[in-house]
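Right, I'll just put the structure down here and ask away after.
Going by the order they are written in, the chains are A, B and C; count residues from 1 in each one.
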Amino acid sequence: MEKTGSSLLDVTYLDTLSYQDTPVHRLDPRVKVLTTLLFIVCVVSFNKYELSALLPFVIYPVVLVALGNLPLGYLVKKVLLAAPFALLIGIFNPLLDRAVLIHLGSVEISGGWVSFASIMLRFVLTVSAALILVASTSFNAVCVALEKLGAPSAFTVQLLFLYRYIFVLADEAWRMVRARSLRSFGGRGMELKVSSLMIGQLLLRTLDRAQRIHRAMRCRGFDGEIRTVRRLRLGYRDLLFLVGCSALFLFMRLHDVPRWLGDTTMALMR
Amino acid sequence: MAGRYDDGVDAVSQPVVEVRDLQYAYPDGHPALRGLSFSIADGETVAIVGANGAGKSTILLHLNGCLMPQAGTVRIRDLPVSKRTLPDVRRTVGMVFQDPDDQLFMPTVYEDVAFGPLNLGLPAEEVDRRVMHALSIVGAVHLKDRPPYRLSGGEKRAVAIASVLSMSPTILVMDEPTSNLDPQARRRLIELLKTFEQTIIVATHDLDMAFDLCARTIVVKEGGILADGPSREILQDAALLAAGQLERPLGLQGCPVCSPPG
Amino acid sequence: MHMADALISPLVGGAMWAATAGLTAYGARKLKEKADDSMVPLMGVLGAFIFAVQMINFTIPGTGSSGHLGGGMILSILLGPCAAFLTMASVLTVQALFFADGGLLALGCNIFNLAFFPCFIAYPVIYRKIAGERPTRRRLAVGAVASSILALQMGALGVVLETLFSGISELPFSTFLFLMLSIHLAIGVVEGLVTAAVVTFVCKAHPEILEMAAVPRPPARPAMNNVLAGLLVVTVVTGGALSWFASANPDGLEWSMFHTSGKEALEAADQGPYALAARLQEKTAFLPDYGFRPVEQETATSGEGGAAAEAGKGKAEDWPDVSAGKSLSGLLGAAMTLLLAGLIGLGLRKSQQKR
């Protein structure tokens, strides 16, 4: 959960990506949110020892990365960066579950390792699906989608404000942190007390800014209700995507495709 | 239209802004305005100048009801500024603040410029017309779907002005409009403002802009008015400006190459 | 502290999402009632503030490692519970989307663990009781620390339970619980202290900010909070301690069956409808036989059913049965019942107010 100035650059980069113009970017945001959620639910619903049936699910991120012109290396790096947490918890599986599950010739593989691999595979699939959603849909569109899907407007509006001002506030905080680091030596200056003061200063500035924003809003006639002109239109392409992906996910969930492929191939070879 | 040099106020027309004996002190007791008076006619261009803390911004905040006078009156188009008249006052007076980040809070430029007209209750087509019109005036139509945090300083400033113009105010009030602008952006802004027909009131440190754009200058010192008259006279009076802790616009000082100071 | 999608099951994820959605709708409605239009920009900006603040890290005294402010408590103090909940929820949403800090399905869990507990439980029940409307410096500090600790402990417990119920990870429950609770105890203390320091600092310049959080309440409410607090305590004590002493002897029904037919649970379990019901029960019970999977599993057939039954039999002899699993089940059953009852109550009250 450590964030540095560079991770705000991350947000900026993802934000830039989300404004590209590709077939994926042009899809209705509601459709993308729904298919991402369905994808995650399907992946996560497998039995903990399932491995092969999970594999075909990579088709979804792969296709979207390709069609959406998204930088694969960057996404891989982000997934790897987030991996340690899952690794840390997942590693207990092979340590504790040592009953042998699979025999590969003379090699015995315990259930623990299988479930560990399953965890890591799920992790990669779910995290990449979420990242792809963000990289192919502007945050504004995500919020509009959430609102049209039923989230209360008090939540989505302030979510938009939050996003709007992250960059501004992070900039101020970053300047404070940098100024402090220029004046602190050997760990001194990093204590709780100094940090609390810095946080307090930032909060004061934030409160002042909030007051100025509110004042600007009132000067333009704000009366408590935030009115918007955002319109979303579902095209047949969007519906096709939604239905197609859902059907695909359900099919892959119910049928172990790699096993079928393997069996068929073996049968054909005889 | 090059610089507008109307000399003096047209005595027959009603002043659009009338401030009389305005007094105001901040919550901590520090007195900010000590009873000042001035009036501004329709179509005038006025610069309010003074040192930091002299009270320029405080005056501006009284012009659209962000602050209420503790004594004295402020009238906009003969409407006294009060809680009741705020909606009308704010429709007439458009305020552009110093930090555009405070003013552009919606997810896209279009929505920021549409914010005002939507709050006025206008129908969607009218809102769209006004937004596109305002954006075209400031030259920002190509920015309409961008999020504000992706704009440069000059672009933000332009969009902030558009967000106020879309409400069709007849009086435009601006706090330090040229601050943080690079020279070309600044030049573009000044040229833009020269094309406007609204009454323009600007609080600024940029005395060159004041001289270029505004026919009239009010010098504020410690909450009171030190001088009020044609820019051409006031901004050339070095002694007067020094008394107000200012100096002459750079453009009016000697050329540093031909005749170096000292 | 954030749950990942890889470690949860759809059932747990879905259930927590449903709970979170309900809470969000509730919070939004309450906010509308309060009708303070300056709230929304303030909430957004403070949410961005929490993000920015997470960049300011400090060394935790005594451990040498660095930590940073979570934010739930300070938001509650500044904004009041409903606004703080919504703000914290949006912070977590942005973290999940942009930083892969927690999954999308797990977002429901994370919002529940990290926003619900501090804003809707720890704040009204602990902080307000200790600090009240206009706290002195000491009360503020005590209140902040106590509520931060409680909130983080509950959040940590939430994480452990959600991981457990999903059945994907093999983490041994008691070890996991112990680790999480102790780590978050330390974090809670620090967060409480920083929160108190920051709020005190800001109050000097803006004494009115504490009033922003004041929620106009009908007079009946403070009593309700007392009742709620009392119930919570009673639940924890009853569920936890008493079930430790629950007889290891078979339940009433099983006991009587044992005496009349001489077999436990009628072991005709392999035929007919009983077989089906038994298998169904095995598959759906969260904590089969109220025990816990032993650290080593004999076989890995259908997962829970077989091994747990064996484990249950193994523990049948001790009395009092100081099994962590049993007390947890009791605790859990009670807590879930309370929560359900609370939600139903809130829902009914809302529909009343609509009329």
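The rule we apply is simple: a contact is a pair of C-beta atoms (placed from the backbone, for glycine too) under 8 Å apart; a residue touches a chain by one contact, two chains touch by 3 or more.
All values reported here derive from a predicted model rather than from experimental measurement.
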Set of chains whose contacts include both chain C and chain B: A
Chain pair, most C-beta pairs within the contact cut-off: A-C
Distance-to-centre winner among chains (Cα means, whole assembly as reference): A
Most remote chain, CA-based centroid, reference being chain C: B
Inter-chain centre distance, chain B versus chain C - centres from mean C-alpha coordinates, in Å: 53
Rounded Å distance between chain A and chain C, as computed from the means of their C-alpha atoms: 23
Separation of mean Cα positions, chain B and chain A [Å, integer]: 44
Chain C: positions in contact with at least two other chains: 41
Chain A residues counted as touching two or more neighbouring chains: 139, 160-161, 163-165, 168, 209, 213, 217, 222-223
Two or more partner chains touched - positions in chain B: 105
Residue ranges of chain A in contact with chain B within the complex: 15, 138-140, 143, 160-161, 163-165, 167-168, 209, 212-213, 215-223, 227-230
Partner chain A, residues of chain C touching it in the complex: 1-2, 4-10, 13-14, 24-25, 27-29, 31-32, 35, 37-38, 40-49, 51-61, 66, 68-69, 86-87, 89-91, 93-94, 96-101, 103-105, 163, 167-172, 190, 193-194, 197-198, 201-202, 205-206, 209, 295-300, 303
Chain A-touching residues of chain B, taken from the complex the two chains share: 64, 66, 87, 90-91, 94-95, 97, 99, 101-103, 105-108, 110-111, 114-116, 118-120, 124, 127-128, 147-149, 163-164, 167
Contact set on chain A toward chain C in their complex: 1-5, 7-8, 10-11, 14, 36-37, 40-41, 43-45, 47-49, 78-79, 81-82, 85-86, 89-90, 92-93, 95-99, 101, 111-112, 115, 118-120, 122-123, 126-127, 129-131, 133-134, 139, 142, 151-155, 157-166, 168-170, 172-174, 176-177, 187, 190-200, 202-204, 206-207, 209-210, 213-214, 217, 222-226
